[in-house]
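Below you'll find a set of structures to go through.
After this come two complexes, each holding subunit A, first together with subunit B and then together with subunit C.
Moving on, here comes the complex of A and B:
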C-alpha cells in the first residue's frame, strides 16, 4: 500500500510542475459550465419548466456537474496509457513489483483530489458571481448514495478509458480515434451537458444498457433526491455490476495484450 | 551454480508489412500482409553467479529481445528459461525484486521531478528498508559523483548525468542480476570510461551477475571475460573473448615499415595487402604461413621494422557478422 501513497505524493508534485496546464484545464471546465449555464438560461427565458425541470433545478444540476466531473473525468491515465503501450514505455512498469492499473488509478486519484479542491473554489466564486436560485433536495440517504455511486463512477470511468487504450496492444496507431469516440460518448451520454431524463423513453432505455449514465447522471440524480428507496439500491447494484464486469473485461484485455506486447522502442 | 539458464529459446514475431507510399497504406488497410521475424531462433546458454558477460551482435541480432525475455517483458515463442529459479514472464514480485534491466534509450525517471523523487518511489515499490536505502544511495551517489544533481529536475540534466541517475534508480534495490542494454550509448568517451569503471566496480563489490549488450567493442573488451555472440537470432560463439580470434581469425597481420620505397605490386607475393602508404604496409597472411611470409619479407624487401599481430577483435567480429573470411 505504501508504494501507492508515494505514487500519490509524486503525482501531486508532478501536477504542480504543470501549473499552467492545470489552470488552463480548470479554466476549460469553467467555460464549459458557463456555456451550459447560459444555454439553459436562454431556454428558460421563454418557459418556467423544461421536461419537468424548473430553472433552479437545472442550475443546481449543472453546478453539481462541475463537481462530479472533477471527481470522475479528471484522469491523466486516459492521456498516457495508450502512448506508453505504443512507445514501449510500458516496459518500465512491467519490470517492477507493482500493478500498472493500480499505478494509474492512484495517479488519477491524485489528479481528481486536486481537481475536486479547485472545483469547490470555482463553484463558490461562480455562485457569488451569478447568484442564481438553486434548488436541492438532499437527505442523509441521498448523500450516502451519491458518495457510493460516485466511487463506482470513478472506477467505471477508469476501466472504460483504460480498456479503450488497451487496444493499443493490437493497433498502436489507432488508439486515439477510438478513445476520442468514447470521450464524445461520455460527454453526451453521461449527462454532463443535460440531465438524461430529458431524452425520449426509448433513448433512456438504450442508455441504461451502457455504463455512461452511471458516470454523472445517476450520482447527481441520487444526490438531488430523485432516486430514492428501492430504486436507489437498484442503481447502486447496477453500478457495482458494471464495475465488476468492466474490471473482468479490462483484466482480460490486459492479459491478452501483454502476450502480444513487443516492448518496442529499443 | 547457474543463475540463468536458457534452453533453445525462440521468439518469433508476426509483423504487418506495408508497401511504400499512400497507395500501400490503403492496400494495407484492406488487406494486411504479415511476415514472421525470427528475432531469437534457438539460443541456449547458462550463466553462473557473479559473471560479467558481454552480449554482442549487430543491430537486430536478437540481443535486446533475449534480455527482454530474461526480464519477463516478452513471452517466448518456445524454449525454457530460468532466472534465479523463476520463470521470468510470470513476473512474480519475488523475482522482480532481484533484478534490474537498464535500457539505454528508455527513461524510467519522472521527467519533471528531481531524480531523487524517482529513487524514493523505487524504494517504496521494491520495499527497500530505510537504512539499506540510505546506504545504497550514498554509495551509488559517491561512485557516480552525482551528489549535487539529486535535487535537479531530470529534464534539466545532460544525457550523461541522466544515464547515471537511471543507473541509480535501477540499482536502488541492490539487484542480484543486472541486464544492461547499451549502457554507454550516446555518451562521450570520458563518460563511457566512467560508466565502464562503475560497472566493473559494481560487479566486483556486490558479486552481482551482469549481462551487458553494447555496440562499443571497448565496453566488452574492458569489462567482459566471457562473450556471447549472436547474429540473426542464432548463437555464433560463447566463450572467452580471446578465443574469438583463435576461432574465427585464420590469419595474422604483418605490419611492415620499409626503409626504402618499394613496388607495392611485389608485396602481393607475400600475402593480401590490406593497406599501403609508404613507408607502412599491412599485410594479411594465413596463420600457418606467418613465419614463412615474414622471412620472405625480410629477405626480399628493405625492411626497417616488422611486427606480427593478431587482427583487431573488432575486425574479426565484423567479418564474422558479414560472413566474410579475413584471409
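Moving on, here comes the complex of A and C:
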C-alpha cells in the first residue's frame, strides 16, 4: 500500500512541476462551463421554467457539474494508457512490483484531489464574476449519498476509459478510436450539459442501463435531494453493480490484451 | 506550384495513413457524426420548452450550429498537423523540417490533412445547404456572402493555428494550447449573441471567434451589413499576415534545444 502513497505523492509533485499546464487545463474546464452557463441563461431569458427547472435550479446544477467533473473526469490514465500500450512502454510497468491498473488509478486520484481543490477556487471566482442566483437543497443523507455515488462514479469512469483504451492491445497504431466514441457518450449522456430528467421517461430508463448517468447526473441529483429514500438506495445499488461489472470486464480485457501484447515500438 | 505539389503529396500520404485502418476510420467517422447529431437533438429538444434563444428561432439556432460544424470541420481538415507539433519540437524533428527546401508551414501547418474531416465536411456541407434552402428564403448574394465569410473564417483559423505553432516554439512547456483553442471555439456552438457583455465583446474583438463562427450564418440570414461582411473578410487577411510575422519572429528565437 505504501508504494501507492508514494505514487500519489509523486503525482502531486508532477502536477506542480508543470504548473502552467495545470492552470491551462483548469482554464479549459471553465471555458466548457461558460458555454453551458450562457446557453441556459439565454434559454431562460424567454421563460421562467424549462422542464421543471427554474433558472437558479439550473445554474446550481451546472455549478455542481464543475465540481463533480473535477472529481470524476480528471484522469491522466485516460490520456496515457493507450499510448503506453501502443508504444510498448507498458513493458516497463510490467517489470515493476505493482499493479498497472492500481498505479494509474492512484495517479488519477492524485489528479482528482488537486482538480477538486482548484474547482472550489474557480467556482468562487465564477460566482463573484457572474453573481447568479443559486438554489441548493441538501441534507445529511443527500451528502452521504453524494459521496458514495461520487466514489462509485470515479471508479466507473476509470474502468470505462481504461477498457476503451485497452483496444490498443489489438490496434496499437490507433490508441484513440473507441475512447473518442466513449467520450462523446459521456459528454452528452452523463448530464454535464443538461440534467437528464429533462429527457422523456423512456430515454431516462434506457440511460439507466448504461454507465453514463452514474458519472455526473445521479451524484448531483442525490446531493440536490431529488433522489431520496428507497430510490436513493436503488441508484447506489445500480452504481455498485456497474462498478463490479466493469471491474470484471476490464480485468478480462487486460488478461486477454496481455496475451496479444507484443511490446512493439520498444 | 511546387509548394502545392508538396502539399498534395503530404495530403495523399496522410489520407493513405488514416485509411490503412478501415475499422478505426469507421469508428471515428461514426463518433464525429454522432457528436454533431446528439448536440443537434439536444438543441431541438430544449427548444420544445422555450420559444427563443437570444432572439433567434429554433431553425436559426440549428443553422448557427450547422455552420459552426462546417467551419470547425474545415479548419480541422486542413490544420490537423498542428496537434502533433509539440512532439516535433520536443524531439528536435523541427530541425529536419526547417532545412528542407519547402516552406516549413506546408509541413507543420498543412502537412497532415485529415481525411475523416474531409468526409464529414461534405456531409455537413450538403446538410447545411439543404437546411438553409428549405427553412429560409435566400438570395444567391446571401449565399455568396456566407461562403466569402467562411473563407475569411478559414483565414482566421489559419492565423490561430500559426499562433499556436509559434507559442509551441517559444515555450515547449505547454501541451494544452491547441486544446484551449478547441475549447474556445466550442463556445461558438451557439451564436455569440447568447453571451452577455463583456464576454461577447471579447469573443468578437479580442479573440474574433464570433467573426469566424457567428458572422457567416448571420450574413446568410441577412443580419449583417455589406460593410461588416467586407471588414470581416479583411480581418481574416490581416490576422493571417500578423500570424506570419509572428511565425518569423518565433523562428528567429527557435533554439533547437532538443536536437
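Basically, the second predicted complex is superposed on the first by the 264 of 266 C-alpha atoms of A that agree within 3 Å, B and C clash if a C-alpha of one lies under 4 Å from a C-alpha of the other, contacts with A are read in each partner's own complex, and residues count from 1 in each chain.
In this text, contacts are C-beta pairs under 8 Å (C-beta built on N, C-alpha and C of every residue); 3 or more make two chains touch, one makes a residue touch a chain.
Since the model is a prediction, treat every value here as computed from it, not as a measurement.
Peer 1: Considering only the touch criterion stated at the top, classify A:205 as touching first (subunit B), second (subunit C), both, or neither.
Peer 2: So A:205 meets neither subunit B nor subunit C here.
Peer 1: When the two structures are overlaid on chain A, which partner does A:97 contact: first (subunit B), second (subunit C), both, or neither?
Peer 2: first
Peer 1: If we overlay the two complexes on their shared chain A, which of subunit B and subunit C does A:18 touch? Say first, second, both or neither.
Peer 2: both
Peer 1: Tell me which touches more residues of subunit A here: subunit C or subunit B.
Peer 2: Touching more residues of subunit A than the other partner does is C.
Peer 1: With the two complexes superposed on chain A, say which partner A:263 touches: subunit B (first), subunit C (second), both, or neither.
Peer 2: In the superposition, A:263 contacts subunit B only.
Peer 1: Tell me which partner A:51 touches in the superposition: subunit B (first), subunit C (second), both or neither.
Peer 2: second
Peer 1: Do subunit B and subunit C touch any of the same residues on subunit A, and if so, which?
Peer 2: Dual-contact residues (subunit A): 18.
Peer 1: What residues of subunit B sit close enough to touch subunit A in their complex?
Peer 2: Going by the criterion above, the answer is residues 13, 64, 68, 71-75, 91, 93, 96-97, 100-101, 103-108, 110, 112-113, 117-118, 120-122, 124-127, 153, 181-182.
Peer 1: Sort out for me which residues of subunit C touch subunit A in the complex.
Peer 2: 21, 23-24, 27-28, 30-31, 34-35, 38-39, 42, 45-46, 49-54, 173-177, 179-180, 183-184, 186-187, 189-190, 194-196, 199
Peer 1: Note which residues of subunit A are touching subunit C in the complex, please.
Peer 2: Listed in rising order, the residues of subunit A that touch subunit C are 18, 20-21, 24-25, 27-28, 31-32, 34-35, 38-39, 41-47, 50-51, 171, 173-174, 177-178, 180-181, 184, 187-188, 193-194, 198-199.
Peer 1: Can you check the complex and tell me which residues of subunit A touch subunit B?
Peer 2: For this pair, the touching residues of subunit A are 2-3, 5-7, 10, 13-14, 17-18, 88-89, 91-92, 94-98, 258-259, 261-263, 265-266.
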